[in-house]
């Protein structure tokens, strides 16, 4: 209820602050029998962790995750999985001078009004460092879903003014931006170098795709698959907008243009983004989102302190000049958590052991 | 868990199909002592109901709501409020010939895969007729919030290619489109007349604004105010995208441009859309969303039947050529439900009787 | 959260007051494909309804339930089932003179403190009339569970000083007390006649048994099957104590006596009452509970009014002299709701279509 | 949903197995501003921990708890509190020979059916060692409630055949049994010594009382205060029965005897146990429960192994001969968690900063 748990049947509850001793999570509801090791989580944690290129914060964290429970003799037991990552490179002294200063576009002002005070060390709970636990939990979901033939992959579609024009999955993991367009990578490097020098930051657009999703996942009214995806994405720090399928292009589309016609061989287009009536259609689920530019920048800006006096804020700590750059693994993790949860929900409703969807009428076209 | 309940402390659970005997809802968690009468709900139900102009479906429903419980001597008792609207103008025969035909862009295909069969009469549960109950429940939330100085208003920002350029609240309720730009109303009328003739449909963009929201509403991690708003909006039939504040414009914004600077008198801009770190900032909450064009159109389209054979579908029932036109009251209702829920959540955490926010340090600038 | 919903995957949300226009419920999460008609619910409603013998209240209610949604062409659709029972025989005038009087042992005093006021007509929401909706919802669960080979039956074990000594299921439904011991029925009739004359009331003990429950239902820590059963039973008006299996006899038992030994043919005793470590063992689930005597009696008693002045209260309306007499169907319904919910939870976890339990190692003794 | 979370607004989610590396918990929903240190939890952990007398298991665990998050500068921040206790004295080798043997009255058989396999080391998740985290979390609730004038205390009412006849709170903490009757302590010592020698175990009855609870806590229908208490107590390992107030004595009581009459000075008796209509009345909340005898005993017993063959089981590890002896702190913790949760729920509904109950009519007798 205090908002630190995600999911209904497959739940992730996280704790921890940017500059506290550790981050942790409890993953509950994982079916028994899934082979699981911390090595299943480490690759995604490494993709997200800071300090891996000169375009991200230089904070050094190994982000090594320990499994404290829920796994016995190499497989999940069906009991809660406790996860722990110890913080290593807190420099809380960086923050002493902002203890009573409201940083613009941060959570400082709203946290003060919610809680009456705030942990000013690196943003405390509001830091995106919390997302490390989501990535760890998401890796468990990803592994389960992979066993069901579901693959989830994201990429950086746009970095400020530079948009990818080509989607070449083979290059996404070979550059620090998760950019899928090889021609745009040098452009992004040049852009980021200049941005760093200027002491400013920039926004980004991230896309994520889930392939192999069986039709039938999602609830009809409130817990629609698209509603849960929108919530999951908007819960990521800095995300300000979410689209499914054609998204905002739908505004100017006619019905005859938007609707995805069908033949016995399948759909002829995917404006729906894989979701019809809140429920997966078996097509690829396609999601796109906007991340705002990092709020912590070196350029001075007007603000107030806790006494309500005007001040000028300059943020000098270690920060990502574009939070979108490290967001791809987080976005994938959140989509995995949503799909995992609805996969289990469907099993409760339909009880089929091999697929989460019910037995269709004999003549109905089965999903191959 | 089956997705028919919205909210955590202030919950709305709905039931009912487009062509069943009735729609209903249970509103639970409403604080005791709120004066309430069905007349508080009827105006919003009338704004949403079909058949009020030639630009919406001609189905005739009075949508009169009855309060069956939870109100005693004119005020809420703190116990669940039972609401009922009887359906009056079902023409289920219109649907007999689509009983085994998959209509493109409808929920037919995904419902078949989720449930194994479907109620084909007017889409059954997937019909937007269900939103009548959301509007009724939302009116209760609106009334409570109004007593706290919070006002929620929506409008049609764009109808297909025609975008409002002026926001004149005084005209929104005077035209069938909820269009805030008086100059664009005749244009919209002409456009819709031609669209009707062509047997096609069109998408729309709806905006909604909440004024007077106290700072401090929302949870820091998963149940962020913006995440809950995104989920609420995406749960409305036909919505394909949601933005908060600057939304997708954030992608190309620099940090120095996006951040909302502050002075002792308040914020200097509102790119955040009233939400910082998932928590309200006290600024107006601004939300925008895309609604896809109605899927039920007279123009024929390729599809399949339940036997997997190719067919051509023509939809002849009574349908809205632009579902966005009647969406404004629904959008307002959903935003009201989200704010109401977080208002109560904050009271649980902070316990202040006059405001949902905690007692701030004496010198901290209070929200006037 | 306001406590009107029971269950997690199979949920029942009820509304309605004793003297309002109607009672209602939404049953959500029922799997699609279950044949369902109001006739499936009416028998249990008739077993519970008032006025069927001279030993219960003489209020006349037909308690006819209408299904308003969720059933199409005779089977459940997987969408929420709306249920409605209209009240017919309210005599609210009976209550005008207690509007500002606190009745001892009723919810009057605690409701005043919770809500600030109360619906004094027949106790409003605190009336056991609300349980009619639980019985209706429980009948749906019972029907589903019957298809899985699970049978749930209750009986009156003790009426005040008169305890059944024989458990003869064949007589339980043939007498107004649900008494299983034919020899004790005349005794109970005589006792109740004298009690009625004295203007007093009496407590009772009800037992309920679930046969055919598969092993493996329940969660290990908090949502144990026995914990959920205890909560379900204690949520019934007037219940003050709950036992599973040996119950309070366990206090004086030695481990060598209490433990249920096993052979390849099964358990040799059932002190556990069918629950081990919070999870069903496949043995009969046996539950026993105490219901306090009706609080509404004709004998005068000291109390206070809303002004805090001493008064003498005499309750003259129509009341059951022993609430335990009509409790058997309610108790069965609540146990059915608990088992149904855990049945679906297990399907989510294990995904087996024919049984809610996972595939055991080949050599492990299967439940026959 | 997998049952490792307790509460709705104040939630505790636990993880960890008896012989895993650590136990942990996340306490979410604690209001900000509560001074908190691990020293606030240690005394209750020490009261529960093993090895403090010769009448409990000789496993050596310091049960030192670390706070990993949610506390900043000595006070809670309103964000989740991460708690960790490392296991120190696992002797998993003790369990190798029971890896494929079903121990009677343990969770072995039911876990096999639920999960398909089990962690046989000390019972894994089914071990009462998990309750250490409940005690830690309960200590936070106790501290908060103490600030509201609420005190929660438990004691051993009966050890097998030996029942306390005197309730002298001053001796409860001075003997290893939490026995409140000084005359019975030597008797208990003698009894336990003989029991240990015989290789058997014994049941117990524990009582717990909450004083200073404001009237108005609890929900009217399903989440009644007594229903939540029953669930909380029955979720404790070995508990088989729960009573509130007069409990099973209610069966033979008449209404004129059971009802607690009132005068302007207050109630004249407390058969209700402090709960009327599911809601606290302001009287002491009195709860009593039965704990079955420890299942792990040295006396041989018939059972089966995983291959379904008959075997004889002798349990040789380190075990408590009476689990009731260490249960008092656990029982107190669970009652504290229930009251804390309902305290916050009432604040959400009523919003009063100083008390969780609403503003009563001016003339209504206030709770002093």
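By written order: A, B, C and D. Residues from 1 in each chain.
Here is the rule we use: a residue touches a chain if its C-beta (ideal position, glycine included) is under 8 Å from a C-beta of that chain, and two chains touch if they have at least 3 such contacts.
Bear in mind the structure is a predicted one, so any value in this text is a computation, not a measurement.
K.L.:
Count the touching C-beta pairs: is B-C or A-B ahead?
P.N.:
By the number of C-beta pairs in contact, the winner is A-B.
K.L.:
Taking each chain's centre as the mean of its C-alpha atoms, give the chain farthest from subunit B.
P.N.:
D
K.L.:
Whole-Å distance, subunit B centre to subunit C centre, using C-alpha means?
P.N.:
38
K.L.:
Measure off the straight-line distance from the CA centroid of subunit B to the CA centroid of subunit D, and report it in whole Å.
P.N.:
One centre to the other, that is 45 Å.
K.L.:
Averaged over CA atoms, how far is the centre of subunit A from the centre of subunit B? Could you give it in whole Å?
P.N.:
Comparing mean C-alpha positions, subunit B is 26 Å from subunit A.
K.L.:
Give me the residue numbers in subunit B that touch at least two other chains, ranges are fine.
P.N.:
1-2, 4-5, 8-9, 14, 29, 32-33, 78-79, 114-117, 125, 220, 345, 348-350, 358
K.L.:
Under the stated contact criterion, what part of subunit C meets subunit B in this complex?
P.N.:
1-2, 4-5, 8-9, 11, 13-17, 20-24, 26, 28-29, 32-33, 66, 68-70, 72, 77-82, 84, 114-119, 121, 124-125
K.L.:
Quick one: in the complex, what on subunit A touches subunit B?
P.N.:
Contacts found on subunit A: 1-6, 8-9, 14, 102, 104-117, 125-126, 130, 158, 160-161, 195, 200-205, 214-224, 226-235, 237, 240-264, 268, 271-273, 275-282, 290-297, 299, 301-304, 306-310, 345-346, 348-350, 357-361, 363-365, 367.
K.L.:
Please give the residue numbers of subunit B that touch subunit D in the complex, ascending.
P.N.:
Spelled out, the residues of subunit B in touch with subunit D are 1, 9, 29, 31-33, 78-79, 220, 344-345, 347-353, 356, 358.
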